[in-house]
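In structure tokens below, several structures.
In the two complexes that follow, chain A is the common piece, with chain B as its partner first and chain C second.
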Partner chain A sequence: MNGATLSDVALLVPELILVGMSVALIVLARRIKNTPIAATGTVLAALGAGMYSFWAVSEGTQVGFGGMLILDGYSQFFKVLIAATLALVALLSVRSHDLEEVPRGEYHALLLLASTGMMLAVSSLDLLTLYLGLELMTLCSYILVGIAVDRPTSNEAAIKYFLLGSFASALLLYGIALTYGLTGATNYQAVASVITGQGLTENPLLLVAIGLVAAGLAFKIAVVPFHAWAPDAYQGAGAPVAGFLAAGSKAVGLAALGRVSLTAFGEETYVLSLVLAGLAALSIVVGSIVALAQTDMKRLLAYSAIAHAGYALMGLMAGTREGISATMTYAFFYVFMTLGTFGVVIALGERGRTLDGYKGLARQRPGTAALMLLFLLSLTGIPPTGGFVAKFVVILSAVRAGYVGLAVLAVACSVISAFVYMRVAVFMYMREPEEPAPSSFPVAVSAALAVAALVTLIGGISPGILTVWAVSP
Partner chain B sequence: MNAYIGIAVSFVLAAGITGLMVILASTLGKKNSTPVKLSPFECGVDPFSLPIGKLAIKFYLTAILFIPFDVELVFLYPWAVLYRQLGTLGLVEMGLFLGILMAGYVYAWDNGALDWQ
Partner chain C sequence: MSYPVLTVTTFLPLAGGVLILLLGSERLARWVALITTLATVAVSVPLYRGFDKTSSTLQFVESRDWIPNWNIAYGMGVDGISLPFIFLASLLGVLCIGASWSAIQTRTREFYAALLVAETAMIGLFAASNLFLFYIFWELILVPVFLLIGVWGGPGRVYASIKFLLFTLAGSVFMLVGMIALYQALGTLDFRALALARDSLDSSQQAWLFAAFLAAFAVKVPMFPVHTWLPDAHTEAPTAGSVILAGILLKMGAYGFLRVSIPVLPDAVQLFLTPMLVVSVVAIVYGAYVTLVQTDVKRLIAFSSISHMGFVTLGIFTLDQGGVEGAVLQMINHGIISAALFLCVGMIYERTHTREINDYGGVAKAAPVYSTLLGLFCLAGTGFPGLNSFVGEFLIIGGAFRTHALLGAMAVWGVVLGTAYLVWLYYRVVMGQINPGLEGLKLELNIREVATLAPLVLFAVCLGLYPDLVLSYLRAPVAALLAGGVTP
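Now for the complex of A and B:
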């Protein structure tokens, strides 16, 4: 490697913490079968990695490994977000009824490795490092989706996810290859400088390259028409894994797309804007409407996540720094409110699977119902929750970028999605209970729910505390 | 752009000529099928098992375990060639790499992947 020194390793400390814990869990896997050691270790590693990422950037932006990795405010923001996702998912996995037979050591080791891939992807400054990080994330995700080997639905979901995922990886790789063929570089800045020199008119193939890279990343974010895997994968996977994919995978895809669109293809933003605007409009409409027809809770959340991915893209579409900050804000609040909702689904166990299970919950467990209501309000985008702030900033950035029609569509679809989420609330508060009250939750699950609720509320009441960190690259 | 047209043309030519040969042979070729010609090759006895035979499923684990060590060699070889230029950092990195690889090996061993029975 040209010029890689020991000081470059400092850039990788958060990843090394996660890998170290993962390797330790793999070696100890057979000895810690049904103990909470694996979950504890994962949470500790996530806290360590998150805290290091949070403090490290005070020394300023650093580039290392021959310009392949960067440590700046942008990667810091997403690394902390990924660490938070990992910690919350590890806490929620403590007692999940659909992951009971799963070997704990391996499960948490895979979660750690997937998060390592995510961190590499958000800090990469080169298309190849980006691909490497995303592949590490997706390969671990395939196994995580199918980790309940004795459940046929889990296996089916894993195979579907694997087939479509490999296809998307191939698209991304093909886009990278075309970019390299046309510009002779994979480094973002080098690609950008070549594009600035040549312009699009001389290189119509560049359109194809940008389109392929965007399509490959759109698959990770699960936006229409690259969403087909998400509902099946979420439904078949254990609820914590589904939450991990919905929150982490999406945030990373958005982060990668944000950096690529601003740094590498910055000169051709308007091409990417059109593509992203189309994807955003389709996702918002399809996600909101199809969610209406769902009765399985995880499928409902999958379609809701597709709609949210569409909203998040509205920020990137503008192609400006403000737009990317808006998407970062969206990704941040989205992660916490989604994990909160998944947390309630997990906490309710077997009962949380279907929509009917929520009937009369408010009478049996008023606290849980109130938490669920908070997350649902946030997903709808009603103040005073983080979801409102998130939707507000992305719609504002779309209006500023001149996409008024799309902004109107987004607001209209918000109303449709309100119907989706409020249906759950009506079931909880206005129906008679049909099933016995759920048993009390483990402390870890309650803690995760409390953190998610706290961030959602603080974000709604004084968003400035959190959004100040959302600085674009 | 023009530099790539040659490659595209050669692809089209290759596919076209091969396809043409196959189609011509199967349509124009003279077919004189007699019972003797249609009987199984060589001795005329119907085969009673797959020609490759049955393979013990245990080999699949061995094959999977083989892959990491094969890949390890792919990394070790260029590292050995450039050992002096890479210096201490290269040594540390290779140590880390081997350590992580060994963790997988220990895991496989621990879970009984090396027991033949």
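Now for the complex of A and C:
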């Protein structure tokens, strides 16, 4: 292993763009008085990083930093998705009443750093870089959750998230250590070749290691039973931060799990598949049912996110390239529809917090209600929305993998969650308004909603565009 | 003319709906909706003029790449079975606008937009030539109908709309799994290709797939015992919603049997034949008895649909040429008659604001034209010779007697009960002394309302006197369907 060369650095351009903007925002933090400047900077950095990632892959797969990082279609896909998440969250943060007292420079700098960690995690080809990327993301997330220092709920959420999060990080690290102890390697491909070379597939320690790595990543994805942090963290955090965690953290966890399970532990498909099937089934059932009882929108969306994480895992469970590409499709649409939903919650301000606030929205703001209906239908999985395409591909891969029972369970639970989402629609369309109409939104919020709605709708009508692109490593 | 007729017919209403939302004018909404639905009928004319009745193949086929890497195409095409439904859907689309003209006073823009989206889904479902597209339209219709019931419906509308949505969704998610399993097994979702490749499914696979599709179709039809959403939804829906539900939505499930279950899963059809026939007859008789005791006019007509749709599924599962032809004809007939009855009820409800039968009586004196038309539709519903239902029921019962005589005999009992509840309804509403509560109300229909009902009168009479109008379309495709190796 030699020192990093210039071509290695080229792999990190998107991350460097984000870090650069982040440093600039921190330096200028005291001078930034109004939000739009910080948000604009963040959106520009996200666009730069996203566009660079989008075009960079035309030069083919590149591995750098001694096999630690990789640039391929898979990492490109997720980097673009992370950049989109970052840009949408930055737009949505422009006027969120949860975050009014928050110093803008630091807030956006943390968003940028967390996204940098996400990008590192999705492009890592080594358990250690994966860990570093995830930790960078998680550490920034702890602060983001607790950034509204004057609100006790925000502090409480941050502490809970931190305690459970560090526990999960320890699990992941322990899994990595065990893997290293057994195979003497942390690089995915090296781990895989040692496992096959030394016939470790039956080794119980390896199974423990795989279980620990899967558990650590399951925490980031927030699947049952590693989900306990999510409802509290989402509820206590500002709505844009909750959206960022729901969309970004989940996508990254899925990306990492996908690559690890296919590359490093590809020989252990059967074990992983059973573990993932169990996690998926639990998440879908628990998420759908517990969401029924929620009246706080952020908590409701948190449980919905847990259920969706379960659906997304159904792709990985198959352990095949098609399955991983199904999960990629799921993650893609999930990010946009969930950020769209959070966007409406944010746009409505104080009213958006509880279910009751949506009463009569269709009378007062028919456009906003229609957008929310679109996102809810997509979350339910009703065509022609992206959510339907996502559900179609993951159920297809579950059926292909022979898990027909799980597929039936998943669709049965989607009827339960239909009730959850349609209850919001009932409040919007079939009840009389009780509160004055919400004030008009800033352009940035409307723009974010429009982008999310367009992707959800166009992706649903012509999924061909995306499916060509969602190709597993 | 050279335009993709089916695509234009399907998506024109959607375009009209979007236009209504964009225009932002509450006053213009109904005019735009009326023009759109009339234009939809107009652009569909080449379908009827250019259709070859002697052929059982799909006609006006359109196929375009849609999701190439999944081998799923955007495919449209009609045969003699689907064509009458496209006509019915586009006709009822116009009449729904007529029925809502003065009844809908709040949020008219959204109302007409929802109505038009529903029309697109109804037409598209019957025009789709592959299962994927079929499924998309199948689910798409849930949303506008959910809103139509829940926003513009009666007092129990929210409960009814949620119940409707959850019931139908619970059925259709199993169809989703079934569709995916079919796709996984056969690698295609095109209806014709599925039927050609069906031999590679073994009989247990077929049975499971049949059960999955049955879950979706049975809820939509609705078959006994998953019919309980129907009375609530039909009763609480606004008139236009009831017309869509009774006229088209109920036909979607029966059409699914003809399009998917019978051609693709013949072994399973044989396996499930007896239960399906028994459940159909139970629906006929049980539905009729429950109808007899209803005291709410709209609820009565809603329950009668369960009985009538029992005839349809009975006819389909006789797997007899006459029985299946009769079933399809009866679907059209029921679409016309139940739509007409719901329109009649809606028109008088607009004036009296009551649906209790006891609040009516003696309407004939105040509204002779209305009473005449209602009488005609009630007679048509009972299967009176010379009116449309007679032919359909005759063919179905004939088919049942040829294959399962006992079930045929029980179905005849359903006809008798059907006569009883409709004639009794007519007697209580129209005959006798005028109910004091109705004094002073202007009950007679206006020109717009007569014009709304007129096409239905025309078709009820024409189909009664000359059923070949529809039957001639059905002969070839039904023969081909049954010759697919499933005739007992």
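In this section, the second predicted complex is superposed on the first by the 467 of 473 C-alpha atoms of A that agree within 3 Å, B and C clash if a C-alpha of one lies under 4 Å from a C-alpha of the other, contacts with A are read in each partner's own complex, and residues count from 1 in each chain.
FYI, a residue touches a chain if its C-beta (ideal position, glycine included) is under 8 Å from a C-beta of that chain, and two chains touch if they have at least 3 such contacts.
Because the structure is predicted, anything quoted here is derived from the model rather than measured.
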| item | value |
| --- | --- |
| Which superposed partner A:V252 touches (first chain B, second chain C, both, neither) | neither |
| Partner chain(s) touched by A:M428 [first = chain B, second = chain C, both, neither] | neither |
| Contacts of A:V271 with chain B and chain C, given as first, second, both or neither | neither |
| Superposition-derived comparison: chain B or chain C, residues of chain A touched | C |
| Partner chain in contact with A:T5 - chain B first, chain C second, else both or neither | first |
| Which of chain B and chain C A:L205 touches, first, second, both or neither | first |
| Which superposed partner A:V19 touches (first chain B, second chain C, both, neither) | first |
| Touching partner for A:I32 - first (chain B), second (chain C), both, neither | neither |
| Common ground on chain A, meaning residues reached by chain C in one complex and by chain B in the other | none |
| Residue numbers on chain A that touch chain B, as the complex places them | 4-6, 19, 23, 26-27, 29-30, 203, 205 |
| Of all residues in chain A, those that touch chain C in their complex | 362-363, 366, 373, 377, 382-384, 388, 391-392, 395-396, 399-400, 404, 407-408, 411-412, 414-415, 418-419, 422-423, 425-426, 429-430, 462-464, 467-468 |
| List of chain B residues in touch with chain A within their complex | 1, 89, 92, 99-100, 103-104, 106-107, 110-111 |
| Complex interface listing, chain C residues touching chain A | 65-70, 107, 110, 135-136, 139-140, 142-143, 146-147, 150-151, 157-158, 161-162, 165-166, 169-170, 173-174, 176-177, 180-181, 183-184 |
